[in-house]
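For clarity, chains are labelled A, B, C and D in written order, and residue numbers in each chain start from 1.
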Amino acid sequence: PPAVAEYALWLGDDALVLAQNLGWWISRAPELEEDIAIGNIALDLIGHARSFLSYAGSASGRTEDEMAYFRGEEEYRSAQLFEQANGDFAHTIARNFIAGCFQHALYERLQGSHDETLAAIAAKSIKEVDYHVDHATQWVLRLAGGTAKSRRRLIVGFADVWPYVDELFRDEPLNDELAGVAVRQSTLRPAFDTRVAAVFAEAELEVPVGFTATGGGRVGKHHETLGPLLAEMQVLARQFPGAAW
Amino acid sequence: SAEEQQFNDLIAQDSRIEPRDWMPEAYRKTLIRQIAQHAHSEIIGMQPESNWILRAPSLKRKAILIAKVQDEAGHGLYLYSAAQTLGVGRDEMTEQLIAGTARYSSIFNYATPTWADMGSIGWLVDGAAICNQVPLCRASYGPYGRAMVRICKEESFHQRQGFEILLELMNGTPEQRQMAQESVNRWYWPALMMFGPPDDDSPNSARSMAWKIKRFSNDELRRRFVGMLVPQAEVLGLTLPDPDLTWNEEKQAYDMGQPDWDEFHEVLAGRGQMNAQRMQRRRDAHDEGAWVREAAAAYAARQSATTERVVA
Amino acid sequence: SAEEQQFNDLIAQDSRIEPRDWMPEAYRKTLIRQIAQHAHSEIIGMQPESNWILRAPSLKRKAILIAKVQDEAGHGLYLYSAAQTLGVGRDEMTEQLIAGTARYSSIFNYATPTWADMGSIGWLVDGAAICNQVPLCRASYGPYGRAMVRICKEESFHQRQGFEILLELMNGTPEQRQMAQESVNRWYWPALMMFGPPDDDSPNSARSMAWKIKRFSNDELRRRFVGMLVPQAEVLGLTLPDPDLTWNEEKQAYDMGQPDWDEFHEVLAGRGQMNAQRMQRRRDAHDEGAWVREAAAAYAARQSATTERVVA
Amino acid sequence: PPAVAEYALWLGDDALVLAQNLGWWISRAPELEEDIAIGNIALDLIGHARSFLSYAGSASGRTEDEMAYFRGEEEYRSAQLFEQANGDFAHTIARNFIAGCFQHALYERLQGSHDETLAAIAAKSIKEVDYHVDHATQWVLRLAGGTAKSRRRLIVGFADVWPYVDELFRDEPLNDELAGVAVRQSTLRPAFDTRVAAVFAEAELEVPVGFTATGGGRVGKHHETLGPLLAEMQVLARQFPGAAW
């Protein structure tokens, strides 16, 4: 049914866009262990994206690659948090930490979806997201408790991505159509806040105050980073439409 | 000396030398140089492939490519560990790489302008690496041999993936087939150069063979490799770009042309396509990551100090 | 006081106040706030358009777009200069912008997802800016008025370029026409909001009008602007997204719907699409450029020291 | 004639690729004056590119935009120096300085070409390149003589782009076909070296030693930066083939 397909796009696009951002780091990370760790996270996310996008595409007879490579920016449904540029390592960690905490809360609940496919993808993915959250948490603690410079950079990183947090927890009309199937985003906020509060307490960080972005990713309104990201990601596939790889 | 005698006996018996065993200083140095060079090659070798991670034309290929580049980082780590057992630090090796005083395989100084290069690197470059490395699994130095066992297993997987990329292209549109052939044309000779200069021009080979670090000559390995490629190229429908490549019934082996050794020496001397870029990227990643490593170290130090206080 | 009398006389005569003239402190402060806000708007306004410099679909359009963004930087500079004549430093104004304590026009907190937005910004945003700014050419403060003369000339050029971008799209493929209409749908209301809140909700307007900094009310300017747009939209074949927009024969003016003033206040309060991004980009450019500015300053200091030595 | 068209591509692609790189700086420069100055240089270069590409395309009935937007990476003829990423401001200045000195030496001579179109483009362009060289030179002096940090960064910047200098002065078989029409690159080296030596002497810099890249831009072998650069530059035009803008 199209509503489920649309919902699967939300989650698939979140994962894909974040994986694409993370792919940049591989061969550029601060140490080899991080090339591997970030590669792992990107791989997991591509796996999740493939599951969600295959499911989303099945409603209209399209493949995962048609979904990934042949939709334009306005057809993407990622939330803007996932679209935030890598920035420095602290920005990447701040964004990944928020992304992981959100996805973890979401998948935990989505396991109980009446839609068996969504439930199965969530059940498979949550173990991996568990690792993503742990990875980001460890780095939040290290950067916050490392040097004055790393702490300062982490604080800036969180301040820069925090405006995109609220969008993650906003309910959309689609939620009304998918009771029992999708998770109502607003209900995830407490779990998210609790986890963030615990880590921030240990890291002696404060929740940033300031801007809040309007968001709109779920209806195709994206951050200005998404256009160039898709241009690069899709360039080869679009050059050979219909080709197999 | 008795130690030397024991060392020689172990070598003669095809036994393994372990980190605590006595070994001649030249053996240690040769190994350190070779293992570090191999580790550096894995690290630098991530770059030509990471060039296509963001543009991989399908999600499956993107995932496979990321996994591959990640494996290379893993190989770098095993090899640094093996080198560390010989008394050289990872930081020291990294500094040598950044400073440009350590070598890495010249093959990674070639550019990857097309997606088909992901196929050619797997099929030809990893293929050549395997031919070089399989004998190293029996290398006399234990940690090195064992690292190579693990690495070779993964490399042969990578080679198959490269083959599959080319196969998909050759089964594809005319443009895709052309992309594949053009890429193989570029990578064939550089891959053959990976076995090193011709035997009569390879000064260090003899001693390495005596010490059983190395077990076959450069030319012998090169010939084996080409023998392996020919039937695979037929399956793929690709032409190997050597007009002199013909089966010699008498020798029961292929006759083949010579790579452009001038190009080989040019690249080795720093005048290849991407030498500067490869070093720049590694230096930048290292320098720009310094504050992160410092933070991690400071945090770890503080944590262990806290633990000590709690324990005390 | 006599000074005050003279000031009031100059204002009454529609003469200009110049930097050395006496002026009430509130007049100075109002002007500084307004000119700085205008300058900041030009600077931040570079960003939504620079988003398409690298992707502009023809070389001619790329050149025009670069020239336009460059003009905006130039306007920022004139305006900072005008503000400086009132005794405020450029560094101070920049710091206020970076720190988020100075305002800039909310319109630039909207995103530019499509190329057609380059048309809409020119036609609607610059169009609205001109309606706001043309009266400012007669602003009582001389340096501001003169800067505005120059700026308005360029802005009307920009508006025409925006119109042309939309015209090309409307003469193009169905997808291009759709792109244009969709973009105008997004920008129409935010552009109308640029004239500020309705008159009965605009606290500072009355005094600014008395001082002849401002010469028409928000609603009056908004109405003029829409009156200008309607025939142009007809030429373009674009629909203005206001179902209540109708000609009122009796009033000889358009009746129109109300913008979403909640959205206006949300964006003003920092909850728009791109507020965070705009500030981040400006801060990053400023911070990452610090070493360059320091180098330039150090070099200039050294040069003038050398000159002094030579002269002495 | 096709040989002249091919030569016009060399120069047009050099200018276009550099302009595209410079376009990134606009709204990100260290000060407003530099947003304007870099914008000026980019504008000039786009102008030169349009002239050269129009001329190149005229041989095959193609427009400047078909040349710019609908050629693949392997069809581009830019030298790799122009493809070097912006890096930090010092890298940009180092690259621009070399590019400007090369183009200035080239256009000066190209004014005397037997091909009237090339001669006219060169005559028009050289005045602008004069400004580009001056801009870069002033910044080389400022960064070299500014702070310890700026000097260090400039030295790194020059070291990173210097490997791509040699390619600029390498003759190609095409040169043999175009005697009297094109300028033989190798003959430009003395003028280039003289100018560089003068500025380096004033800035107390040394010519970097180290790597030399093979190059190959004139036969379609490019630096790894070019693919992503073209992906972004061409994305919209290619989405609407045949459309007017």
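As a working rule, contacts are C-beta pairs under 8 Å (C-beta built on N, C-alpha and C of every residue); 3 or more make two chains touch, one makes a residue touch a chain.
Computed from a predicted structure; not experimentally measured.
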Longest centre-to-centre distance from subunit C, chain (CA-based):
B
Chain pair with more C-beta contacts, A-C versus A-B
A-B
Could you please state the distance in Å, as a whole number, between where the Cα atoms of subunit B are centred and where those of subunit C are centred?
58
Cα centroid separation, subunit A vs subunit D, in Å, comes to 39
Quick one: subunit A and subunit C, Cα centre-to-centre, how many Å?
35
In subunit D, what residues contact two or more other chains?
227-228, 231-232, 235
Which residue numbers or ranges of subunit C touch two or more of the other chains?
54-55
All touching chain pairs, where touch follows the definition stated at the start
A-B, A-C, A-D, B-D, C-D
Can you list the subunit D residues touching subunit C in their complex?
16, 19-20, 23-24, 26-36, 39-40, 42-43, 46-47, 49-50, 53, 64-65, 68-69, 88-89, 141-143, 145-147, 149-150, 153, 232-233, 235-237, 240, 243-245
Subunit A-facing residues of subunit D, complex
72, 227-228, 231-232, 235, 238-239
Contact set on subunit A toward subunit C in their complex
73-74, 160, 163-164, 210-216, 221-224, 227-228, 231
Contact residues on subunit C for subunit D in the complex?
43, 46-47, 50, 53-63, 66-67, 69-70, 73-74, 76-77, 115, 165, 168-169, 171-173, 175-176, 281, 284-285, 288-300, 302
Once bound in the complex, which stretches of subunit B touch subunit D?
48, 51, 54-55, 100, 111-114, 266-267, 270-277, 279-280
